[in-house]
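Going in written order, the chains are labelled A, B, C and D, and every chain counts its residues from 1.
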Amino acid sequence: MNNTIGHAIALTLFGESHGEEIGAVIDGLAPGMPVDPDAVAAALARRRPKDALSTGRREPDLFRMVSGIKDGKTTGTPLAILIPNTAAHSEDYESGAFLPRPSHADYAAFCKYHGYEDRRGGGHFSGRLTAPLVAAGAILSPALAAGGVKIYAHIASLAGIEDDAFSEHTAVLDKLKDGDFPVLSEAAGEEMKEAIRAAAKDGDSVGGVVEVLVTGLPAGLGEPWFDTVEGELSKILFSVPAVKGVEFGDGFALAGMRGSEANDPFAVKDGKVVTLTNRNGGINGGITNGMPLCFSVAIKPTPSIFREQKTVNPIAKTEEVLTLHGRHDPAIVHRAVPVIEAVCAIVLSDFIARRYGTDALAGGRFAQMAKSEGCL
Amino acid sequence: MNNTIGHAIALTLFGESHGEEIGAVIDGLAPGMPVDPDAVAAALARRRPKDALSTGRREPDLFRMVSGIKDGKTTGTPLAILIPNTAAHSEDYESGAFLPRPSHADYAAFCKYHGYEDRRGGGHFSGRLTAPLVAAGAILSPALAAGGVKIYAHIASLAGIEDDAFSEHTAVLDKLKDGDFPVLSEAAGEEMKEAIRAAAKDGDSVGGVVEVLVTGLPAGLGEPWFDTVEGELSKILFSVPAVKGVEFGDGFALAGMRGSEANDPFAVKDGKVVTLTNRNGGINGGITNGMPLCFSVAIKPTPSIFREQKTVNPIAKTEEVLTLHGRHDPAIVHRAVPVIEAVCAIVLSDFIARRYGTDALAGGRFAQMAKSEGCL
Amino acid sequence: MNNTIGHAIALTLFGESHGEEIGAVIDGLAPGMPVDPDAVAAALARRRPKDALSTGRREPDLFRMVSGIKDGKTTGTPLAILIPNTAAHSEDYESGAFLPRPSHADYAAFCKYHGYEDRRGGGHFSGRLTAPLVAAGAILSPALAAGGVKIYAHIASLAGIEDDAFSEHTAVLDKLKDGDFPVLSEAAGEEMKEAIRAAAKDGDSVGGVVEVLVTGLPAGLGEPWFDTVEGELSKILFSVPAVKGVEFGDGFALAGMRGSEANDPFAVKDGKVVTLTNRNGGINGGITNGMPLCFSVAIKPTPSIFREQKTVNPIAKTEEVLTLHGRHDPAIVHRAVPVIEAVCAIVLSDFIARRYGTDALAGGRFAQMAKSEGCL
Amino acid sequence: MNNTIGHAIALTLFGESHGEEIGAVIDGLAPGMPVDPDAVAAALARRRPKDALSTGRREPDLFRMVSGIKDGKTTGTPLAILIPNTAAHSEDYESGAFLPRPSHADYAAFCKYHGYEDRRGGGHFSGRLTAPLVAAGAILSPALAAGGVKIYAHIASLAGIEDDAFSEHTAVLDKLKDGDFPVLSEAAGEEMKEAIRAAAKDGDSVGGVVEVLVTGLPAGLGEPWFDTVEGELSKILFSVPAVKGVEFGDGFALAGMRGSEANDPFAVKDGKVVTLTNRNGGINGGITNGMPLCFSVAIKPTPSIFREQKTVNPIAKTEEVLTLHGRHDPAIVHRAVPVIEAVCAIVLSDFIARRYGTDALAGGRFAQMAKSEGCL
């Protein structure tokens, strides 16, 4: 099914950038999970463009949860979350001939939908569609946390500037959720912001890499063929606009190592099986091994730039020159961080519900089950 | 569903390395597709270990197609392909305590299956399970080719040694299917083989990157959320043993570029819309844009090495030292090439059947439909 | 996935009777299908309670289609339809202890959702949830009709009173959509209404059988194992509240016949293969055979009656007596007719899109494809 | 996916009546479930034709379980079961023009597969394909029984002759598995057999109704929209050859009752909530309510009869007369009983695994979980 993901917990996404509302239906939630609207609002605020680093489009994301909730708790029936579009400037998109933006979805969408697509603001392909994903993540993350599962993410690199490596100091990790530009090194963060401003000044854009760390996951999640943890995560990650690469653990760097370097030796620590290194990112054979899950996601530079670009009129089959107007991000890497965290929460919740059953996500129940079978 | 992939065309995989038979059921094939058993045998032969570069396990892959075929053509009902296991040396695995191999699936599988798993030869996690995938690819590839879709793959790098870049000369590309070690540069290929032999001599292993190019695909395949071409491919690729990263077009390198570099300008060539570069690998917004599909897959070094490794007895919770015996590949990169080609054929066939219907894959019918709507 | 049906065309349902909004997301619609909001409104009006035969709850069904539509046509992306709940009298439900209504979903829901369910008005189990299904049917039916597929339904029996048998006179059939009480015999209809009024007067309710006829379907739709036309239809029909039986063609009556009576002999008529009788309801082996599709659906009497009933307090485990207040239908058979028609449109559209591809439902394209292969 | 059913536990079916092998892949089985090959053989023996009441085709059903099993227990990976076809008399089918048998799948299959289908013995549509279902049922039933869930079925009527109603005496119920002709009244059984013999003598066939009773099911299984217990069961039941109707509880008879008759009053018995009658068959709102699950399945008379029948040559479009040869059952009602029991075991196991997780089916674990939450 095209716009639905998940198995035990399923999410269906709908909407267009300049349509009336966007939203998601989340199905398979355990009954009795507390849902805090303020936490959802806070997560949406993290994703929202806010300063000179982002698009001028400003929307309050006045979401409504119209089903599946009663007295602040999930009922166990589908939870629909709706977000109205209020700040759309459609006139930016509607004048003149259709000139697809290079490396944006415009032309591919035209081929797929034969011109019936809603092109305004990228339509269904807009990054705006990630808002309902973030909302879903905000609903699921507390349930994961109740069972001890925590998701951290930072901008590992942007425009070639690298952040510090993930630390094991939880205090440092928790800090990542505070601001709107999650980095471990403040200095690197400042340099990155400068690079974004410099690109914006040139009418250009930059990309980067987002790195994720998940702690507290039970071992034994995932299916070897074909629902691996790596595969399910990457499948959804690649539908996040601008994602062009996903790697787990040391990823592509592993390809240049020898086995003796790449293998993570086992040890026993405090009565638990651990690995002394974690080059495989907490996954072997597609299954979690109890070590932290680590992966990186490549985000290409925003394709909407303000420099003159070669394009075509695909109907008249003429070559044209495109100069964009409107509001566009010079970088979306920092805004992608909460989206990627949300995707991670959605996919991991599904794996947990598949393994431990419908009710597993309420009250950290899955963690008790995992402990009792020696997987946590 | 765990072991089933695909939507319009679905493949279900089963078997263990040392079980009685492994196999796959392919469902949703158009009726009337010719199936050449010799082509299937040839594809299996490409995957099979054959010389000093590979494991000593030698099997003839005496496959049988026991349903869904009549008079050399698909009937349209499920095609089951069975491959008996004949050369399993189970005794290599059955003696002594359970000592999981570092970075292999052994320990994660133990957590998942509580010790009931069949561990011999990696069981259900074995690379041997890729044989039915290769067979499925061999059944689907001729149907894709009948519509003009061709899949090429080479070892882009191995142990840090790089092959030439993909050429646009079809003659060169067609050559890739000939041998068992698909590279564009013979010299690079020899260097790579030498690196494998050197690693083998050290009881060690090497990894590499496989790069794929698909030509002749209709524009407009894929779904933005969430069944992108990138997402569906990567999902299955990550279940191929040892895959730890997937990137499309320039992938992670795009993260370091500016938009003005990363964007592929449009042009009109022979009355068709094309892009002047293809840094996005033929996909925008998750949808094919009519340019060649390009992606790269990171293969880690085989985790089974013959050097002493630290491991544990996960039941007794004791630290142990492991020295492997048995037959293991010092590199599986070259053997992964036909597997990745097969995964590509399976995923693309499914997208075509979803878009153009049940019968689309017979007789290149999808290509006529795509042409008539201007997508090819 | 719990609340999602369909394969090529998928529908996800959400909402509770007394929640903020109910709705559905319809995914996989061909781009370019005209959508007439007036036709949707008219279909919802047919389902809506309107007179003394129905519940006192009166709602205008002010639906909104908030995505997937542009300029009156589908875009090909998910179409979300939202219907606010405006006339809920929750106070009818909220006073006092929880006393489940006999043969309603209340108690089963309590077991499933552990008391977190929204019980007001039946919550997610309410017949009100059929409104989005009817809306979806109103969007799909014109596309089916454009390809010559027409769906007719009548009250075959109610409280034991039987309507005339389906006629082959199209004029008579078209008349069925006109009123709110679709019968072929006006006299039978009057008698049925009288039976409803009599039951209402007794604080009781009645049930009935709805019979459906679909003409113009291509032969060859359906899958033998397991997506038969019968199976997919019945799966969705059984989720319509109060449905307790489904039979195809002569159904249960066939069980008492001999093969020589039950078999439908073949003949050639106007160059087409037909059957001389249609006791199998247009389906053989789960696949359409080109004859009209016929099936019947048993609707039990509304469980909400105003007579004293024995119930329990499932928390205190005490036996109690229940006397209902609020607004309830003495019969829902007539209101079930447009719902069953809608389910039929949804399921058949999905089969058509699977067989003939994504675009098949636009402009009657599937009918041309079916004709060209001799299936229509 | 066409030939795959189930969610947490999925079954994929393949094969043709006269192909090389038929079989099924069962995925999602809990690790550690004991599998008794003798029980599988015994179940297949119950389905197998054995005397004058059945087809002359005699096959030993030499099944092999080639994966997913180790040391007599499931491993948790896909279990593939293969059954070779050994007694096919293909020559009965291959002579002369294609003359579809009335009310058999032949003609519908021809429309669907364009003549590429394997027609011999009904091909993929053959009742022979129910053998792997029966095998799957034999694997799952002991796991259900370990948690206290028992499935009983009898021939409720055949050729109009009615068996006694289901008794609550377990001793009587257990007797039903003993012979090959499961009835509660021996006298009725003898009459039924006589009716079969009489029909056979006339070259004709008879149908009947199979009734099923399931005890010990936890309350709270099923999903209201759209994965109701009724809907999932009926979906699979309708793919069993010759099934033309399914009803739950009193089914179609409920349509003629008033609510005050049809409703099942609640009571408390031994501290448990029960209903005093069970006209709704243990299901309300699509969800189990803790009472026995009851349903009936209409089986039409075997369409293969030996009397002259009108048919057509669908290629030449000529009217023809058909006289069948070969081996055909004068009734399949009794042979359908173990098939329907198996379908029931497959569907209920899936619901249990969805609710209680991957491991729930091993060792009756689901029953403990259900008890601890008050659902059993």
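Going forward, contacts are C-beta pairs under 8 Å (C-beta built on N, C-alpha and C of every residue); 3 or more make two chains touch, one makes a residue touch a chain.
Remember, it's a predicted structure, so these values are computed and weren't measured experimentally.
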- Query: Farthest from chain D in C-alpha centre terms, which chain would that be?
  - Reply: A
- Query: When the contact pairs of B-D are compared by residue number, which of C-D, A-B or A-C has over half in common?
  - Reply: A-C
- Task: Determine the centre-to-centre distance between chain A and chain B, using the mean Cα coordinates as centres, and give it in whole Å.
- Result: 26
- Query: If you average the CA atoms of chain A and of chain C, how far apart do the two points sit, in angstrom?
  - Reply: 38
- Item | Whole-Å gap separating chain A and chain D, where each centre is the average of the chain's CA atoms | 44
- Item | Residues of chain C whose C-beta touches two or more other chains | 1-4, 7, 13, 77, 112-114, 124, 224, 359, 373
- Using the touch rule from the top, collect the residues of chain C that touch chain D in their complex. 1-5, 7, 13, 100, 102-109, 111-114, 124-125, 129, 157, 159-160, 199, 202, 204-209, 218-228, 230-232, 234-239, 241, 243-252, 254-268, 271, 273, 275-276, 279-281, 283-290, 298-305, 307, 309-312, 314, 317-319, 373-375
- Message: Give the list of chain C residues in touch with chain A in this complex.
- Response: 1-4, 6-7, 10, 12-16, 19-23, 25, 27-28, 31-32, 64, 66-68, 70, 73-80, 82, 112-114, 116-118, 123-124, 359
- Message: Touching residues of chain C toward chain B in the complex: what are they?
- Response: 7-8, 77, 224, 354-360, 369, 373
